[in-house]
């Protein structure tokens, strides 16, 4: 039964009931809740309930020095933390008028794309688990860990890299890093057919995912859907291309799209994006050795650093969609206001509520995972 | 295995039992503890960012299943409550509810800095700072966040502790319920209540001490209302239907 | 915006998939598992694990504490460690609260010494009752006394400390060597702010400064462009702001923690910037804000208008006491006026300082020699307390053969003459004995005069010390050399060579060692290495002493002396309860020590006056 | 390229708007609060500003104003417009733009609970993240988070062995982290 056919009655019959879906529920990504009203096992309406991961980031950032915030920002989105660091650093650079050395920009792109790979691999695992397939999850997480090993080598941290700093990056690549990265990319590419067999061409996935959580391009635009979820509705729209930042305009990559607009399309888009990220990383491996120069523009002593008054809105394409960072300075030692637009603020609330409506209960988890909703981004 | 009547066994005073010197009972105890330590179910609840290192720890690369530990979805069947990092106040209420629902013996592990002294979010109005104010904690794993290897090392240490029979922090919740409740009331307000009857359970487990009850439990009794069936509080009908 | 989807996809959206494909994964049964061993792996080379801290390098500056975003660092006093404020070393060590730390390694990046770093150790678990182990005092041994190797440490790449100070604009050797114009131009506003921003506010400078100037505070104020506050902070402890901003021996910069690996903050130049940037009237307004307008009815006499005397006078005048300063020469200022050449300290700047002091109510009587124009006994009768701050106005002699020749002169006397504008006979060639700052001053002053008169410089400085142990500031030596002065280290003077009554040169031997094993002055010379420096004049700049004739025999007898210096207690009080002595005459030559003495004396005198008042009231 | 001309032409139709081209592909508009909905409608209808990226609120407590910033992106002209408008802090009521942009519902709800700004016409002004929070809207500048925290929580009081040893030697804790916090000092 679709939602439009549903008429609420004065006294709900017994087959109509409410369910707390989360926060402690294996079908929920992160610590998040969805209150669903069911008619049988059809969702009549759903309402997101967030705040379980609320830390008051924006308030916290107003209380810390500009430099201190670099440790805080990656924590806003746990599965894909790197874009947060880059976005914050870029915003501060814009406010200060700092020119980031070219090599730092390339290193940042490298970090972003590696982070995208980790996020997508994680996504495959999560999505597979919601369809009852645990093997892709085991694979995805284990392969993601190999990328994390490289992160550890490059940045000293596995997940929270804290690699960026306004002005550039903190460390240059260690010796032999590019070779190892190249080998890893070869390995990941060789793994893809295996993933295909197990997951992407799996009859179970296709049957479960096709038509699940389907939205039209029009709806997607209306709900401010961004990133792979938007591209899964057939619109070639990517911040990296439309509003290029760092050195993305020097890199060759395609923007994969799918037409279906459903969970399957969203998964396939991400699979193609993984390939594109590998392609971008290959170009970086080729170009990086020829780009010399410093990795960080000199910044003032962090303890005596007033960032000039002004505002900056930085947009970035994270693995989940458009990331927006609005940073306001009043010329002081601390940000006056930071506002984070996580892509999931749209996906996990409005879009999820709308897509869940009319779907079956068992599909809700899949819809949420297929949207790659990241609750900490909503809660901040 | 999980449904082994552990509480009944601990209900008897262990010290008396040891003095009795019943060799069979001692061997039996050890066997039980060994079995307990080798099949721990961990509640699948990601409270904070540390949760991101649990999938690697659970899956093939670090594989905690070889220790007999695996995630479990319901608190009733779980042994370990793994608090993965910061706990927002809103989550803390759920965590306490969950904890009280878990069957004894139960173990709480606090990982990340945030469970110890507030961590990164020490200035935040939204997160709880010291986990052991609100429930007894067995083990802490340092890190922000700890790597899967550290998590596994911690779990192995917990297993050791269970094996030698010292992981009894859960009893503390019954013995000093008033203290924990007081901290909960300080944060959540004095009308805070949970559906579980801790005082009754403490008597059942023979863990009732003078500290179990106090001013805070009296306050609780003052405000406690019988549980009512959940009402429909969505308020969805007019507002979200047309979106 | 195009929805073109022409590229062939690996996987067709419309395919139905296969039920059998997943079975191919069964082949993984035959593959090696990816599972790691149960024991923790070794972390990457730059892993950010638990802290280690090299206690030898750590100076306890607490910069890590300031940059820590989680307030995770507590500074702990460790008595077993060295405490040496003069060299900027405290026995504080950071202790880390792992219930707060987030391993961001900002503490490593900003550590001025590079002592703190993160190790590759990352496993720590503990039971609830062991939670104290989360509070760790990192030492070189790591958290569990096991070496896992250094992880994230300080490299050039991630170093956030700015090691280079702002370059002080100064005159080129060519343009400065024939005139007495001030050499350095001073920072402009932008430079000062940038220089001030390098400061990490550790306060080592405050501890090292003899008068404990509030340097962190005024540097911070300069950084936030609040000059008035900066001046206020400076005047809290130092009325000789212009003077110290130019010629201070800057102990602060020696102690500066940034100076451990880079160039210390130019604290002296910043002070100079602050007082120069504010108009004289403004400074007066600020300073006079805390002058007590009510008179206390006590009189104090200060003999000598150098920094020590005037600082005392300033402090006491602010408290409402009536202070009179007696100066023998015709202008106040003492050694800064008559000992420091104009190119280092222009007189008008010194006048600014003195005018501020005068404005606070201090009366200065110039051309009044105590002992000649007025006796000490008279002063004692008229005043409740007397301070001797005579300074060091007599030069010491080497007493080598020929040193009593009239062309063998004392540096102080010569400098005083130059400063007073008296005509002196500029020698065509001169040799200077001594390697201290006074030697440099006279050498450079004479060099300027020679350049003016003859167009060329012909001056040799012979010092007993080697360059490594030179007493003069390195910049002074460098600048003197730039101006054409020849500086010869390790030369011991032997004889002033006199031919037919005329001075012709100075004979020196190479110094092998200056002190004997007991540390006494007993130079050894290499008899084979002899040089004769031709010169018309020899200037001795090997030290000064005080002219204490004014005390009179009786008082001299009563007072305690040690090695020719008047003995005072820690409050600069002599054994006579009405008499204090301060400044160079008890402490040796240094402006900022003199200022510090001034404060000590004023406090002590004020205490004494209070007791007098009590006695008065009770009687 | 005719993009900027197109935009300028468009914006010329409206009086009272200050336009600043800050960076490449960024444009700042300062719009009086009365005219903002009209401007947004114009931008959406005529220049393809379909995508409401976010609505940010800035609390200018000294001026007693809230600044609302609407970040709009148009693929047609490849520009991000930040439309700024200021409203009085008291009573802090403004019009919703939900009828123009559906995503506004989330942002307006968010601003309402974090700042207490009420949006008339927004579909849902109920609490979302802070459902169990009784205090004032926490993002307001006057709310002192740290004071609240110190009021409601205790901190660990570590007494490790090494500290006790050092205390016996005459040392001990010298500077607590709070005494040297730069982020706080600047405020005083």
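Worth a mention:
In order of appearance the chains are A, B, C and D, and numbering begins at 1 in each one.
Just so it is clear, a contact is a pair of C-beta atoms (placed from the backbone, for glycine too) under 8 Å apart; a residue touches a chain by one contact, two chains touch by 3 or more.
Bear in mind the structure is a predicted one, so any value in this text is a computation, not a measurement.
Chains that touch both subunit C and subunit D: A, B. Here the two chains linked by the largest count of contacting C-beta pairs are A-C.
Chain centres defined as mean CA positions place D nearest to the mean of all protein CA atoms. Placing every chain at the mean of its C-alpha atoms, the farthest one from subunit D is found to be C. Spacing of subunit A relative to subunit B, judged by their CA centroids, is 31 angstrom.
Centres computed as Cα averages put subunit B at a distance of 59 Å from subunit C. Each chain gets a centre from the mean of its Cα atoms; for subunit B and subunit D, those two points are 37 Å apart.
Subunit A and subunit C have Cα centroids lying 53 Å from one another.
Shown for subunit D are the residues in touch with two or more other chains, namely 75, 102, 105, 131-132, 138, 143, 145-146, 156, 182-183. In subunit B, the residues that reach two or more other chains under the touch definition are 60-61, 90, 116-118, 120, 122-126, 144, 147, 240, 243. Multi-chain contact residues, meaning those touching two or more other chains, occur in subunit C at positions 1, 34, 43, 66-72, 97, 99, 102-103, 131, 134, 201. Those residues of subunit D whose C-beta lies close enough to touch subunit B in the complex are 102, 105, 123-124, 126, 131-135, 138, 143, 145-146, 148-149, 152-156.
Residues of subunit B touching subunit D in their complex: 89-90, 93, 116-118, 122-126, 128-130, 133, 186-187, 189, 235, 239-240, 242-243. Taken in their complex, subunit A has these residues touching subunit D: 48-51, 54, 56, 58-60, 63-65, 68, 94, 221-224, 226, 237, 242-243, 303, 311, 313, 315, 322, 324, 326, 328, 332-334, 336-337, 339, 341, 345-346, 349-350, 378-379. Listing the residues of subunit C that touch subunit A in their complex gives 1-5, 7, 9-11, 13, 15-19, 21-22, 24-25, 34, 43-48, 63, 66-70, 102-106, 109-110, 118, 151-152, 155, 157-158, 160-162, 194, 196-201, 220, 223-224. Of all the residues in subunit A, the ones that touch subunit B in their complex are 3, 8, 12, 18, 23-26, 30-31, 35, 37, 45, 47, 51-56, 59-60, 63, 71-72, 75, 78-79, 122, 125, 137-139, 141-142, 144-145, 148, 158-160, 350, 353-354, 376, 379.
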